[in-house]
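Encoded as structure tokens, the structure appears first; notes follow it.
All chains are identified by letter, namely A, B, C and D, in their written order; residue positions are counted from 1 within each chain.
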Amino acid sequence: MFAVTALLLLVSMALTLVRALRGPTMFDRILAMNMFGTATVLLISVVGFLNTARDLVDIAMIYALISFATTIAVLRFVEMDQARRSTEAES
Amino acid sequence: MLFGMYSLVSASFFVVVDAADVAMTEAAVGAGVSTILMLSTLAATGYTVRKRPPRRELLAIVVAIAVGGALLYGTLDMPRFGAPNAPLHQHPVAHHYIQVSPKETGIPNMVTPLLASYRGYDTFGEVLVVFTAGIGVLALIGRRPRENGELAPEDGFVDHTATRHRVLRVVAKTLIPPILLYAWYIQAHGDYGPGGGFQAGVVLAAGMMLYLLIFGVDRTEKLVRPRTLECLIALGVLVYGGVGLVNMAQGGNFLDYRTLVHDEKHAIHYGILAVELGVGITVAAVMTTILFTFAGHLRNLLGTAYMANLSRRSNQGAQSA
Amino acid sequence: MDLIGLFNYWVFIVLMMSGFYLLLSARNLVKKIIGVNLFQTSVFVFYISTANVTGGAVPIHDEGIEVYSNPLPHVLILTAIVVGVASTALGLSLILRIKAEYGTIEEDEVDAQDVLS
Amino acid sequence: MSQAIDVLSWILLVTGGVASVVAGIGALRMPDLFSRMHAASILDTFAAAAVLSGLLLQAGLSIVAFKLFLVFVFLAFTTSTAAHALAKSALTYGQVPEGVDPKSIGATEEREYVEPASELADPREGPAAKV
């Protein structure tokens, strides 16, 4: 059963990856990355149970926290970039 | 950003092949710190690449394929994936690390004593490399280059992320204490579960990174002064080396923990804990310093006009939302 | 069928060669650093995959578990990842410095400025 | 009793997996950014809750169960906040939900999003301006 869930999560991750590669705007890519991160957190906890190595939940926890920081960083980067572009357009 | 996703994938691969400690490090490093460093460099240098006629591409492809083919040919004789009779697993050292080390040191996580005790010299060298890299980054782009009349914080510069994203600010304030606490848990729990100095240092730096992203460089530097960080970088290496020197003073070899206290098992355990603490301090301080330095450089680079534009836009956003 | 057991090496080779290609062909220095990173990660994958034993557990000692993965490559790669990010930071700060001095991070443009001056 | 718990947790796990695939399809097929965010939220809330509670039933009362609960709490905090920040940024920089009058949300021409000429863009478009 764990294996079935892990496979389904992998399929979902693949779909998200396609969106990240296609995604017309930067925001679509960020959204896809965010989804990918969530799916990874779930996948890691499921795989931890699959291998009976339940300490792996620790890693899932770190992921849940750090992928958030990365999303915020990318958003800030986009905002800075946009602002700089319009600054250069004005000057 | 795809780079960040890539490291997510590789970390899940490490999970699948039972490398818990490695996956934890890769999670914090790949998804957090190194992605942020890449992004801030891109923000400082601009990320559109001029299209130019390919010159060396063909040669590069040929070389890459040739080397890849040679490697592929070489793999034909390699042991199969997961084969228990591979030479690596048959070597007596592997047997010692797996069978003897939990009895010898009383530490269930085999990675930790291997890192801090059996291969203690090696790890000392690695910590020195991290130390040197931190010094190098400081020397190259330094703190606060102000020669071109750059913007000082007193000039009315305010980082608007904190005021604009109120939700972000509140949530970050809730989340940062658990992250920092969790880093200490990893540090202290490294003997029994996945964790240790390297992981704890990187996770601690990731927590600081979140604060830095939302509240800006100036407020973060009031919280943790760069001077303190510089002292901490040195302190970690000194703790590590100091344990070795204490061993020598007590008549043992460098980093031979058995001389520390009377009971050998306890002595090794204490030695490993002290060394891991040194590693954790240095790694956390170096990573945080690197992040501060990059953020400070970026802020100084982007100048007043840009900041004015950013704040104007931010105000518009705040009004409409 | 036997060759399927080698797939981990193939993954590693593909990753490594894409990093190598990027390193050779890219003129943008940031892309070069990304190439180095790919190369680095492929080595991590290689080491960790050699450590795996079929049916082995995470190398944390527990009652009733007989087979563990080999902890030695884990230790090597654990430190290598942290050292890797430190050296990446050093490389990126060099790039920032080059940008500040030369105004560009394209390799050939930097070279051209060096020849002229 | 333990059999019932097993069956329940399997149902939850598979439901979570299916929900994640549905979310993936949604993220791929939905027409614009904001409806894609709706699909993403299925993964963030429903799939996460189902999978984690399925694992929780398997873990029983232990430290692992507590950690799983913490993972869920952190996910609930972070994903919703990230979605909020993303939507806010997207609105500020010119993304408009379908079927909404741009003026009603205060969108102006000045705040139009400038899609950067990245390397993934068509190379035939000519030399992109280097920043």
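Everything below uses one rule, namely that contacts are C-beta pairs under 8 Å (C-beta built on N, C-alpha and C of every residue); 3 or more make two chains touch, one makes a residue touch a chain.
Model, not experiment: these values are computed from the prediction.
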item: B-C compared against A-C, more contacting pairs; value: B-C
item: Subunit B and subunit C: spacing of chain centres that average the CA atoms, whole Å; value: 15
item: Cα-centroid distance, subunit A relative to subunit C, in whole angstrom; value: 21
item: Subunit B and subunit D, separation of their C-alpha mean positions in angstrom; value: 27
item: Sequence positions of subunit C contacting 2 or more other chains; value: 57-58, 60
item: Per-residue multi-chain contacts in subunit A, two or more chains; value: 21, 30, 51, 53, 55-56, 58, 61, 65, 67-68, 72, 79, 81-82, 84, 86
item: Overlap residues in subunit B, where contacts from two or more other chains coincide; value: 18, 20, 42, 47, 49-50, 168, 175, 178, 193-194, 313
item: Pairwise touch network: line, ring, star, complete, or other; value: other
item: Each pair of chains that touches, named by its two labels; value: A-B, A-C, A-D, B-C, B-D
item: Subunit C-facing residues of subunit A, complex; value: 51-53, 55-56
item: Complex contacts: residues of subunit C adjacent to subunit B; value: 2, 5-10, 13-14, 16-18, 20-21, 24-25, 27-28, 30-31, 33-34, 37, 41, 44-45, 48-54, 56-62, 67-75, 77-90, 92-97, 99-100, 105-106
item: Partner subunit A, residues of subunit B touching it in the complex; value: 1-2, 4-5, 8-9, 11-12, 15-16, 18, 20, 23-24, 27-28, 31-32, 35-36, 39-40, 42-43, 47, 161, 168, 175, 178-179, 182, 186, 193-195, 203, 206, 209-210, 213-214, 302, 305-306, 309-310, 313
item: Of all residues in subunit D, those that touch subunit B in their complex; value: 74, 77-78, 81, 84-85, 88, 91-92, 105-108, 111, 116-119, 123, 126-131
item: Subunit B - residues contacting subunit C, complex; value: 3, 6-7, 10, 13-14, 17-22, 25-26, 29-30, 33-34, 37-38, 41-42, 44-45, 47, 49-50, 52, 54, 56-57, 59-61, 63-65, 67-68, 71-72, 75-76, 78-84, 86, 88-89, 93-94, 97-98, 102, 108-111, 114-115, 119, 122-123, 126, 129-130, 133-134, 136-137, 140-141, 192-194, 196, 198-199, 201-202, 283, 286-287, 290, 293-294, 297, 301
